[in-house]
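Listed next: structures, encoded as structure tokens.
In the two complexes below, chain A is the common chain; its partner is chain B in one and chain C in the other.
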Partner chain A sequence: MTLSEATINSMVDDLPLPQNMVNTLKEDAIKAGVTKKELEEIIQQVMDNYGYACVEPCEAVGVVSAQSIGEPGTQMTMRTFHYAGVAEINVTLGLPRLIEIVDARKTPSTPMMTVALEEGYSDSRDEARKLAWQIEATHIGHLGDVTTDLAQMQLVVDLHEKTLTQRDISVDGIAGIIRDKLNVLVKISEEVDYQIIIQPNQPSYRELLQLAKNIHNVTLKGIEGIKRVVIRKDSDEYTLYTEGSELNEVLKIDGVDVTRTYTNNIAEIYEVFGIEAARNALVKEAMDTLSEQGLNVDIRHIMLVADIMTCDGEVKQIGRHGISGEKASVFARAAFEVTVNHLLDAGIRGDVDELNGVTENIIIGQPIKLGTGDVHLVATKPVKGESV
Partner chain B sequence: MNIQTKKQTFTRYERARIIGARALQISMDAPILIENVENLDPLQVAIEELKHGFIPVTVKRELRK
Partner chain C sequence: MRNISLLDHELIPKHEILATDELQTVLNHYQIDKEQLPKIKSSDPIIQEIGALEGDVVKIIRKSQTAGEGLYYRLVIK
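So, the complex of A and B:
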């Protein structure tokens, strides 16, 4: 005799559990079809396990987090590079990546984006390819051969017709961009098709060589900083993977799905989407890095780290220039690094230490506000009580 | 989440602190509040007392500033 949906709802709804656990429990109970006795037992076990997973007040969660991340960290490979699928895009993983995340580096060593496409673009290979050319930075080296003509003191660029049509760039366009960016004389050759002649402002040897070097750095099409774009078909839609990350620029392009586009550059996510998004990105990146190495760290430890890093409204690193270096207490800072300097500076300034934290109180030998140290006993009238 | 209102429950740290304080009192010859404790040491007596809710001590819980 299985229970009806309504009975299950009424039994599960009022449990003191987080909403998503209540929902999962409900769904599973309805799907499996349980009897009253079975559901009661399930609820009992769920409650027991939930209670076990809960943290009590005064518990030192930070220390537990530190150890829970630190121990698996010792098992991580020192230096690993991984090629993400067929895209052969190189991404830093393992310990170097984890260090990058907690150090809150401005740019990761291998920035990478996953660009989701909107409907109408995602199901057509041609549209996806067009978008890819709009994103990938195109330089003169991709489009043709540059030769330095020393006799005429000029650069001759022979463009490949096929590449131009493929990437949808005109000869005039290229000439215009080079003219604007380098501020030099650019002519389109009249004798040979698809040839551009560039002359430096002064006909000097040095200028010419300088120009030959600079011309390769001009972005003719696409977004500067994105070195490569790979198109991949994931399930039934095309997705772009980029080497290099410019979230703000990529999101401006028509056809890019803003809601599903992602970058592994946390600083960019913070700039574009704000601090909450940055926090989620920190959690996701750290969890992905750890689980890729086969290490199971509870997400709550990572969340605590991400919370501490982002709680001031900006992404701060853990360490000298971030959390540890900005602590309010003089003693806590002195305990971390360059002890004498901190104490001396504090003495000169006449700083006051409120002794609110753990480190300060350990240094001066007081009970710390943690565990039993944070319990204040009060005498009550001795009455015959019931069992507690 | 519903907040427990009825019986006061202690966290493990509060329990440890109460038992510790009470065991110290007992070890210094405080009157014992339960019977049949001949073979028990002060700590075990304190644990028994807490189990029965006889310890005239509670905890003050303050919100952090």
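So, the complex of A and C:
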């Protein structure tokens, strides 16, 4: 007699197995239609195999992870740049990107954001375009031509009418922003439409040339640091891709879907979304980088690395200033980088090394407490004359 | 800023403050002290949102590709 769904659920639900396995087991058992005896046998076998597949306590998972990531890493290309298929935006990939991730750099060399839009914005190209102009930093160079008039000691800016309407900026607005930010005399020309005249505070050539340079750095609209915004239609909604990353600022804009907006800058994710999101971002970025190169690394190794990097509540790098630099053992630290400094400092402080770890024991030539080194054989010698 | 719960973000797993008796079960199961758990800073945006205090332990229900769902615990530190 085959078991009912409810009985199967009650038998399988409380097993000490991962959720995925419980679900698969349930589905398959219901589909196949098993009897109680059969199910009991199946559960027994699954439990045995699961126990067999588990990592044993004290196994050196770190070394296994290091090798599992390191070996495919040797096959990665050194080529730094590549168009990652995402709307002509250049992103660092391959080995340089992987190094960037494990080094927990404050800013990646090519920061990039994926900005999802809320309903009402995501289905209209015009609304998406409007948001894009709100995000992309607009400089004077985008809006018009700047000419330096040496005779009159002034800068003449001829604005393009069409660009202004497209980006929804007024001449007055531009004049105001330049006046506030550079603290100079700004006049709107009365003779020519769409012309602004800017004069330095002191009529000197140096001031004028300095001004001509500075005016290009003033952000007139949008978010400073976002160099370019590309709109792309993914399946049936518009998504913005930005070159440059300012997560906090972008999230303040109406129409941006906060729950699906993402950046490849992990330090920013940590600040805005917290440590758990940073850990997820680490896993995602590392996995994406590896799989883009056609390398299959088990996600568990990456998860271990991400967990170690985030276990103290902040994102630490794998390296001298992070994980390896914080090891308790002097020898373990000295074995990694800047050997002499560590030994010298330890000597001055009078540090004691308990020789508990693996690295320390290898350095002084003792068996390590792992694998066969962890086993001690105790035998009782038979006394002469006694039969064993 | 608009009033949006960070916990809705797809990258952020569910965080909840662990009750004292539940904490004891967890610590007994792993045979460790509270201080041996991984940490989370009290300045973390999520900790601010759920209002956990220093010394609390938060239970994090992670979505995991390998296990479906994974439990993780972090001690709130300064």
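Just so it is clear, the second predicted complex is superposed on the first by the 313 of 388 C-alpha atoms of A that agree within 3 Å, B and C clash if a C-alpha of one lies under 4 Å from a C-alpha of the other, contacts with A are read in each partner's own complex, and residues count from 1 in each chain.
We adopt the following convention: a contact is a pair of C-beta atoms (placed from the backbone, for glycine too) under 8 Å apart; a residue touches a chain by one contact, two chains touch by 3 or more.
Only a predicted model underlies this, so the values are computations on that prediction, with no experimental measurement involved.
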item	value
First, second, both or neither for A:254, with chain B first and chain C second	second
Partner chain(s) touched by A:379 [first = chain B, second = chain C, both, neither]	first
Touching partner for A:340 - first (chain B), second (chain C), both, neither	neither
Partner chain in contact with A:151 - chain B first, chain C second, else both or neither	neither
First (chain B), second (chain C), both or neither touched by A:371	first
Touched partner set for A:348, first chain B, second chain C, both or neither	neither
Which superposed partner A:54 touches (first chain B, second chain C, both, neither)	neither
Partner, of chain C and chain B, that touches more residues belonging to chain A	C
Chain B and chain C contact sites that coincide on chain A, given as residue numbers	18
Residues on chain A engaged by chain C in the complex (per definition of touch)	18-23, 251-252, 254, 258-260, 262, 269, 271-277, 280-281, 284, 299-300, 303, 307, 310-314
Chain B residues touching chain A - in the complex, by the definition given at the top	1-2, 7-14, 16-18, 20-21, 33, 50-54, 56-60, 62
Interfacial residue positions of chain A with respect to chain B in the complex	14, 16-18, 56-59, 371-372, 374-388
Residue ranges of chain C in contact with chain A within the complex	1-2, 4, 6, 8-13, 15, 38-41, 44-47, 60, 62, 64-70, 74, 77
